[in-house]
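Shared chain: chain A. Partners: chain B in the first complex, chain C in the second.
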Partner chain A sequence: MKLVCTFWVVLFLWLAVAPMERVHAVIGRWWGIASTVAVQEHANMVPGVPRKGSAIMLDPKKHPLNKKQRRLVRRNPGTLESIGTGAMLAIKECQHQFSNRRWNCPVDTNDHVNSVFGNILKRGCRETAFIYAVMSAAVAHEVGRNCAEGTIESCSCDYRSKGPAGEDWEWGGCSDNVEFGKEFAKQFVDAGEKTKDSVRYLVNMHNNEAGRVAVAENLRRECKCHGMSGSCTLKTCWMRLPNFRDVGDSLKEKFDGASKVAVPDIGNNRGSRAKVTGLVPKNSRHKYPTDNDLVYHERSPNFCRNNPRLGFEGTRGRECNVTSRGLDGCDLLCCGRGYATRQEVTKERCNCTFQWCCQVKCEECVRTKTIHTCL
Partner chain B sequence: MAGTVLENLSSRKLFALGGVLLVVQIVFFMIGGLIAPSPTSPIRYIASKCVDRGHHKSKWFVPWGPKDQVCEKVQDFDEATRKHIGANDIVFAAHIPLPNREMVRWFQFLLMIMELDVAFKVDNPVAENAVVTMEAGLAYRDDRLAEWTPVARSTEERKLVCNFSHSKTADNEGRYYDCDMVPLFELGSCFHKYYLINIRLPVREKQNINLNIGDIKDVNLIGIHQNGGFTKVWLSVKTTLTPTIIIILVWYWRRVTQLNRKPVLLEKTIFALGLSMAFINLPLELITIAVDVPWMLLLSDIRQGIFYCMLLSFWIIFTGEHLMDQSERNRLSVYWRQVGAITFGCLCMFIFDMCERGVQLTNPFYSIWVTETGKNLALAFIILAGVCASIYFFFLCFMVFKVFRNISGKRASLPTMSDVRRLHYEGLIYRFKFLMLFTLLCAATTVIFFIISQVNEGHWKWGEEHTVEINSAFLTGVYGMWNVYVFSVICLYAPSHKRKGLEGQQSSNIQLERETSEDGSNEEIELRLTNSQASGDAGELSVIYKIAGKEAQE
Partner chain C sequence: MTHRCRPIKALLASTCRPSVRSRPMETGRWSAALRRNIFMNNADWSRLAERRVIVRGADFTCWRSGRDLQRTHPKDSSALDARMARNGRRRLSRLFMELLILAVLFPGRSFANLMLLSLSSVGSSRSGRSVSCGTAPGLIGRQKRLCRKYSHAVPSIMDGANKALGECRAQFSQERWNCSTRGGTQTFESFLGKGTRETAFIYAITSAAVVHAITQSCSAGNLTDCSCGRVTGDSDTLPARGSDLEGWKWGGCSDDIVFGMEFSKRFVDAADSRGRKKRSRNIRSMMNLHNNEVGRKAIQQQMSVKCRCHGVSGSCAVKTCWKTLPSFKRVGDMLKKKYMTSVPILRKTRRRLRRKQKMHRKVPIGDEELVYLEKSPNFCKSDKKRGIFGTRGRECNRTSTGPDSCNLLCCGRGYNTQVVRFVERCGCKFVWCCYVKCNTCETIIDKHTCK
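Take a look at the complex of A and B:
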């Protein structure tokens, strides 16, 4: 397995060598945009992300986008901001969904070279699948959102049925912006993948699609009756964009039910079916993954100890929950190494009065908390 | 009214006419389903969060466009908090339509609905009967560089009804409430190219304004307008229907006045029905292309109301006039209860409409449903109208039942009657049953298509290329159907003057009632017998009334 993996990595790197682009920057490099565009404004929202504001767009060597992606962004002014905020949204969502697990979606925005998530992306495990899906979902979501805000001017207006040419908007209105978001995300995110025909390529493409599908799945249909005197003789329906948390939830569910896949062997009689997706389940008794399933091709490491190759620091020092028997419980989270307990006096906000935005008036309460951390 | 066209028409001609009308009907459905786009389009807007540090109440904030016009924006409210921007400094701005497009006068109306994205926070929940108070403004311009001209500014209250489907624990912070949409404004005309909405949600702690409305993340707006293509198809349909109905109406009225008697009530009712149909058909909406007419929506509601009122009255009078053993007839006052109920019901709906759309002429943000008293008032009017409708239908069903009882009574005694009387009664029964059947058919079709259009997703895929717009097909089809209904009632229930020869008939383009000697089924011969035996229109009528009266006394 290891040998195969190394082989792929080597092949991957070899294929990825391109002028102006660093060798190992290929994997999801555009995610680095999160550390450039968005960080300037958002850094302090994401815990553990050091504030770093550099005008990377000006430096082509450090440019996180490849040629095709740059062209796309140039053609669709305004999308760069969406991608930036989308990447931040995805990171936040990933950290929220995985806050109780050993791997808690650590990011390092200083790491422009390797995209923000570190070397986990070089693996093909479940966590990688989630990252790909959530990133692509976030781009689709944010682009759709910014279309509705009017900040992206090129949002398409493809009309469903035929009218006099050139007057589509006047004749029959426009399709929803969510479609444009999905289509843009497909072109942009999938352009980040280079080495075609490898397992990793197919798996990543599949997970990208699964992320976009998750956005579409969570759209909610809403209708309004506005006929004569408010009756339902005239009814108009539209799709409401979901809260990204709902998308994250459904992706997390898919993470739990992700299927392990492989590229079929040549001559295998299951290959005919696999031509459609290019992937077959590893366990022949399992069903073929559908468009909205997450897939992976490598087992996840246990994420217990510091793993420099993975760039993951392990669970040492993580807070755990003594009473929980789940993944966030001290037994599982600390991988049986045990935990330390200490008392901490903290100042907390309490008795707050809120306004709908921006202003919170609170008192400060002192509370003693018992904190358990993994050894 | 004796001897209508209907009775004197051979079944072959009747079927031919029915066939032609059926084809016309199918064409109406096809026009809607295949040519027209869907009737309306929704467009989603997410309001940008503009920053207004100086509280410039008269300034308009533009979310996008040329750099010097665009307001200072914040991405989200966490950013605002960091920059020490308060709730009172935020202006939600939305530009209609989205970039690179402009509104067209063919859109006819603009309806705006607001949805708030409210995030759940354990210590900042949405209160039970929360009310959002907003200072909303609407402006327009026709040139990208021109100044904004205000349409309306108003302080409005909207109820915030929100559900949270998850448990209210700290884990679920950041999830959104499921909040009901609220109407924002309604414009009766879409006359200008660009519109701008500015909404503030001011916080006044002392007056307890906008305090317990949760953690608002976004203001979503949904703009609904009629599709230009649909308006064009709709107006073309109306424009072709108008002269058709008017011509048949003129023909009908000439027929009626050519008789040697005054028109009877039923004839007047049919004429009025035709007039109200012609009124509804008039493509007055074309004016909106040239002139800003915000009351067009109200007018079309009124026109529809008048037609419904007329149609319901027609049914009751028609049934009443076919009650064969009732001596008191041919006067509107006989039907005062039923017609009164209809008029009262329609009046209720009219007042309700005036309260909503009438007031919206001056303040588009107004909605009667927002305040408690307004809501009760609106409900009261609608319930009253509903009660009137039920009373009416009770009356109608009762009268139809009475007519059917009469018919079965008459059936038994038909063979013993003299020829004139028998044929008269047979004619009455035939006319009545025909209209009953026709009306039921139209009503059933309307209901069936209404249900289909409600259940379906709006359009059917038909092969690769074609889509059938169900909603448009429903609207044009049903509209066409009631036109066909009125048209056929006018021409089939027009007085027949067959025995009068050719005089006065040259002008009419439909001479359906004229029969050649060749086609003669038994029924026709019988019918012709009536005509030849009856003395004349006026005389005949009085004879019938006398007979009917006699029957009643017996």
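Take a look at the complex of A and C:
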């Protein structure tokens, strides 16, 4: 009898916990590609440079991609590299944009279960919104650029704009294929989300879209002159994707103005669930989020102290700026705990002079730097 | 020895005990320094002659009558010492316990500032309602006496207090601390309790505002004790008459700052100059007095000469000039600049204020520098106890990079966006005869407020 009872309890617990496990394990698992790329970059000893032609080998045991994603990659040879570089690019951008904030986008590239960014993805706060948007933007960006570069077989330059356009210029050259990038990212990134019946799903979909829109928004025209030197009698122009830094900047701005949203009535309105437009601002007096706004549905924690549930270590030991009144200032970054000051002596090369021929001679300067770290 | 009490809340009158020696500390919250002075050797009784007494928010004044004072004033401190010794150890220990309890119950003194006055009765000077000197908040005994003596100056003081508050709000409208007084007098008082840079600014601007308002009233002829200033060559660096070549002379009604300065000094400084001797003042009072002086000097420095031409149009055959007060906005600007460069000071005094910075400790602090004791909080989060309201809900500027930018003002919490529709009349035209025809224009703007 006792055995039967235990069995039922165990079964019940398993049934209750198993779906949750599945849900959490599914979140953005394709981001794990970034770690694969990181390992390969390390092996090639050329960090940050995309490795053209070298195939990414995915460890089948870790299988970061789901069935639909694998099919997409198979049908578009070359996209896996773009996704890998994109993921790396996004992580770097996230860390750059948040370097002055309490949450500084910590990543663990070996953490496959929680998809690189850790448990923050289990929440629906502003930071999570940014991660989703920047990841999706990076895929659209990289795929669009790589189409034009010719490393993806199923697409090429965007030739839709043709012929004379302005008074002294005409379309020509090879435009970055942002349309393909966007569409591919939509198919690929959105396929990562499985739990279609929650606020979180709608929020994530919205943020994915916002990231892609941010890429398309920042598209700019680049031109080149032809004709006699300096004359510029004929100008050909093409559309080029922005530096990813610009996309990051624009997303960071969206992050600051992100709207807190809710789904009006999730039980009855099945139609709104399928569409992302089902989100409304939590405070009815606030502006409705547009396609390019980031949205979230949970409050951010203050990220001051070590939070094992989030996997965030807190701001202890972080370097801060005494004079700044912003979030990187010691007052706000250290959450009022105070800071320690220490002098660090660094040796730098200075007063370098060029000597004929051919060497540069430098002196060694000793500089003391004052460094403040949070307690 | 007897005590006379003038209770405001009759209920609490009994707490003012008739005997000062048996249970002396029941009567008020006195500063620790003063307590020591009384019960140790050099008791300066004259200083105790008048004191503002606050018992649990009630407000009444107790003072010893002059006759009693004469009688009991110890000629030398040894007489008091001997009497104290006779009381025995038991009494002393009881006294100590009482002191301890009082120290716990009333941890600090109240900080009076005229801005409190403007909080309680904003606009009352305009509406002509007279302010009762006895019940006005932010005034202490000596100020109340002055208030009764110069009762006709009260509207000017009120005007000054309002002016100070208005200018403070204007100067700090874009900062995290926006001179907010939402919580009423008590919250504002607790904000003044900390000797921060913001407090320094408040003291300076109130003191300056009193000078400004009183001087303006003098020139307008509203006060009987002063009038337009007569500028003479002796008292000023400027000549009594302009040289004949320049062809101008003093004339018109010059603003006489002397009375205003003196009045402000007596009235505003009264709150902090209870001790006659400088030594007995605590550091916070010294900080306030210094900042009051900085405020007054800011006006004095900006006095300027205005001239007007007379004679055939455009000829300027005769020019009369007079001295005029600066606009109060200019004074505010100047004090804001001083606020930005204000100087932290040491808590330990050696009869004068000293800089906290070790390198410059020898450099004396001049009348042009505001001083503060404590570091300001960041004003990001609301802390009602300390009179801080936080920046939640404050409007911010998305594109700016200054202190009003959403990034700095919202302390990184981000902002909400509201769509606001403005309907206004525009493109107005005069149509003969006689009406004005306007269109209605609608503008839709995004309003950003801090989360």
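The definition used in the following text is that the second predicted complex is superposed on the first by the 263 of 375 C-alpha atoms of A that agree within 3 Å, B and C clash if a C-alpha of one lies under 4 Å from a C-alpha of the other, contacts with A are read in each partner's own complex, and residues count from 1 in each chain.
We adopt the following convention: a contact is a pair of C-beta atoms (placed from the backbone, for glycine too) under 8 Å apart; a residue touches a chain by one contact, two chains touch by 3 or more.
Note that the coordinates shown come from a computational prediction; the quantities given were computed from them, not determined experimentally.
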- Message: Quick check on the superposed pair: does A:101 touch chain B, chain C, both, or neither? Answer first, second, both or neither.
- Response: second
- If you stack the two complexes on chain A, which partner ends up touching A:176: first (chain B), second (chain C), both, or neither? first
- Query: So, does A:331 touch the first partner chain B, the second partner chain C, both, or neither?
  - Reply: second
- So, A:126: does it touch chain B (first), chain C (second), both, or neither? second
- Task: Of the two partners chain B and chain C, indicate the one touching more residues belonging to chain A.
- Result: B
- Touch check for A:256: first (chain B), second (chain C), both, or neither? second
- Message: Quick check on the superposed pair: does A:286 touch chain B, chain C, both, or neither? Answer first, second, both or neither.
- Response: second
- Message: Just to be sure I read the superposition right, which of the two partners does A:153 touch: chain B = first, chain C = second, or both, or neither?
- Response: first
- For A:323, is the partner it touches chain B (first), chain C (second), both, or none of the two (neither)? neither
- Query: First (chain B), second (chain C), both or neither: which does A:343 touch?
  - Reply: neither
- Message: Quick check on the output: what are the common chain A residues between the chain B footprint and the chain C footprint?
- Response: none
- Task: Name, in rising order, each residue of chain C that touches chain A in their complex.
- Result: 378, 380, 398, 403, 406-408, 410-412, 414-419, 446, 448
- Residues of chain A that touch chain C when the two form their complex: 101-102, 126, 253, 255-260, 283, 285-287, 325-327, 331-332, 336
- Mind pulling up the chain B residues that touch chain A in the complex? 37-48, 63-64, 75, 77-82, 85-87, 90, 94-95, 98-101, 104, 106, 111, 113, 115, 117, 121, 123-124, 174-176, 181, 201, 203, 210-211, 213-216, 220, 222, 224-225, 227-230, 232, 301, 304-305, 349, 352-353, 356, 382, 450, 453-454, 458-459, 465-467, 469, 471, 475
- Message: With touch defined as at the start, can you tell me which chain A residues reach chain B in the complex?
- Response: 41-42, 44-45, 85, 96, 145, 147-153, 155, 157, 159-163, 167, 169-174, 176-177, 222, 224, 226, 228-230, 232-238, 240-241, 243, 245-246, 352-359
